[in-house]
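So, here's a batch of structures to check.
Common to both upcoming complexes is subunit A, partnered first by subunit B, then by subunit C.
Here is the complex of A and B:
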């Protein structure tokens, strides 16, 4: 183990991190795009005369769904070819953290942003007169759906470009890896959940085009709440990256910081999905029952708040691990 | 790439405490305020029964947000809260668009701006809650469903500030970092204008609307 110098470790971390970023990052977008294409097929078989419009809409939707993977590609290329500058073991941990953050972070948004694309294709076959409304709503929904991937990208870039070499090696390496895991894992559920809400809204607009304004508003609020677990992950990542930890020789301090990242990261997956489900059915039913929109939104928000409490518990555990243990 | 994370700061020491001013952010906020004042003057100048084009724009905009507020809060609160909702949206959306112009930067890229807007919305929402329900009913909600859940309920409320402000900050900051890195990778050829249109204008508008809607929703949860 000792024959590796720091330079070699930095390279090792950069290559492994790049592989993780692109390998995991390729999962989500591919599934999402496949879902879009499968519903586009269904739509064409229902209404073959519109195959041109549906095809165009499918390609636009897939292009947006691809962006999470493109973020992962940018991070992977930077990891492979960037001049890393200072060769310290902390830098190696930061590069690995960047790869983990972007790789996991791209999964949820990629799958999620396939839902609005597919539902919009299906909607066009049902309501050809409202093609432009459906496409606009699809674009808004899948753009908001990318937010968790953007958070992971921010964390990855900060880990890539910030200079951590002044910090003591021993707890800081775990803090940086934990920072990557926290945002990356928490983004999975939020991205997927946001996509469910966006898909539901496209389906709803296809049912009742007059409800477009209300449906889009409820969708945006639902997606925003579904993204909260990813934001908790981002907060914990920022604390882990920017707090100065005193040097220690004890392993348990480092592990506490790694555990803090894992807690918020894993803890955010379920609430993100649950909030997405709540938002999906809320937007579907707002479209079918427009007069009850305020009540539906209220029930959605209360349900989401309850489902979110587990993410808050996870964040509390992380903060205790960081500041108390 | 070196200017990633560089901030112009003015540090003033008063009574042993360091006060830090982010000069660029303050300057950009003034630009936004000046632009909004200009817009306000243009819209309300020479008003008449036959509206000129700017007046139509202003009326459409204000009418839309009064309608949104009425949907969320009900008729009795529209007059009180719609001006707030309108101005929050105008400020945030213009802040997000500012990065489109060369040499200008989004004030919302600095966490201080979204955080102060978030805290403002939080305080207003809770003040509205106490005013409409009375302090006793307001305080009682923290002890639901059982009394020892109180600390977690308080953390849950405070987490709303974090969620609303970090969402705006993360999106705008993320967009500007992506533009910076991609411009650096492709030597500013072809791609950056599309990215600026997407992250600056499209995402900026959506996030400003989300921020405004969440402020409105927080108020409506407290009021009812």
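Here is the complex of A and C:
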């Protein structure tokens, strides 16, 4: 470790981080776009005369799903080519954290945005008169679904461009890597879950166009709750990035901060997915049983709140690791 | 840098606490979400039984929560006791 200067290690972190950012970032959007295309094909086989409209809708939906991996590409290019002229070792931790944040963060949103696109295409084949309503709802739902990827991009940008050189290497290196993991991992569940809700709403609107208003409302509420684990992740990331940690030679402080990032990061995956499942089911059934919309909204919210609990435990453990031990 | 024994042990304990609660939150989140989803479907099919269905959902979710509680306990033990 002592034979190589700080510059070399910064470049190592930048290139490894760039690889992670693009490698992981490519996964989600590809899967999501593939799902959209597969359902679009089924839609065309069901109703070949509408292939023009369906094809157009497929491309629009795929474009939104692509955006998460475009973010990842931008972060990767920045990591490869940014000027690290007089950077210190702490920058290496920041760059690795940026790569982790954007890489993981793009996975959930990419896959999730595929659901509304596919369901909208199927819906067009069933009810051509509703094309514009379906496309609008698809766009709204996938835009909200991209939010966790945007959180990850924000954290990545802060880690890339903020000057950490005044901070001590130990334990700030762990805080910065932990910050990347916290938002990046938590975004997986929220992105996927938000996408499930959006997909369900497109299916519901295709089935029951008169329910569009209620379905969209329940979808937005359900997606908002599904975003909460990603917000916890963002909160812990911000604390880790902006809190001033006194210098220490002890390994335990560094591992505590890394553990804090892992706790909220992983902890957001399950509740995000679960909240999305609940929201998807709720919007599907609002469309099938419109008069029960209030009951359905109520049970969706209660169920989502209980499902959220382990994300809250994880955040509490993170905060204890940062502030108490 | 020389890492002494006690420091390494504490470091491992803190990392373990983070991993324990982090991974431990995944399962209950997904499982309880499935319960909530099916409860929505059940109420969609039979809205008059909303009370009974909600109660059943909550009991089911409470059981699914148990492993998450175990993870929290282990995390707290690692943080404060060992």
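General observations
Just so we're on the same page, the second predicted complex is superposed on the first by the 323 of 325 C-alpha atoms of A that agree within 3 Å, B and C clash if a C-alpha of one lies under 4 Å from a C-alpha of the other, contacts with A are read in each partner's own complex, and residues count from 1 in each chain.
The rule we apply is simple: a contact is a pair of C-beta atoms (placed from the backbone, for glycine too) under 8 Å apart; a residue touches a chain by one contact, two chains touch by 3 or more.
Bear in mind that the values here come from a model prediction, so they are computed numbers and not experimental data.
After superposition onto subunit A, partners subunit B and subunit C are found to sit side by side with no clash. By the document's definition of touching, of the two partners only subunit B reaches A:220; subunit C does not. With both complexes placed on chain A, subunit A has more residues touched by C than by the other of subunit B and subunit C.
With both structures placed on the common chain, the touch criterion links A:264 to subunit C but leaves subunit B unconnected.
In the superposition on chain A, A:309 contacts both subunit B and subunit C. Applying the stated contact rule after C-alpha superposition, one finds that A:189 touches subunit C and leaves subunit B untouched.
Contacts of A:176 after superposition: neither subunit B nor subunit C is touched.
Of the two partner chains, neither subunit B nor subunit C is touched by A:72. Minimum Cα separation between subunit B and subunit C in the superposed model: 9 Å.
In the superposition on chain A, the residues of subunit A contacted by subunit B and by subunit C overlap at 298, 308-309, 313.
Touching subunit A in their complex are the following residues of subunit B: 1, 4-5, 68, 71-72, 152, 155-156, 159, 162-163, 166-167, 170-171, 173-175, 177-178, 181-182, 185, 198, 202-203, 206, 209-210, 213-214, 217, 221, 224. Note for the complex: subunit A touches subunit B at residues 71, 74, 77-78, 139-140, 143-144, 147, 150-151, 153-154, 157-158, 161-162, 214, 217, 220-221, 223-225, 227-228, 231-232, 234-235, 293-294, 297-298, 301, 305, 308-309, 312-313, 315-316.
Residues of subunit C that touch subunit A in their complex: 1, 3, 7-8, 10-19, 21-41, 43-45, 47, 50, 53-54, 57-58, 61-62, 65, 68, 71-72, 75-76, 79-80. Subunit A makes touch with subunit C in their complex at residues 185, 189, 193, 229, 249-252, 254-256, 258-278, 280-282, 284-286, 288-289, 291-292, 295-296, 298-300, 302-304, 306-311, 313-314, 317-318, 320-321, 324-325.
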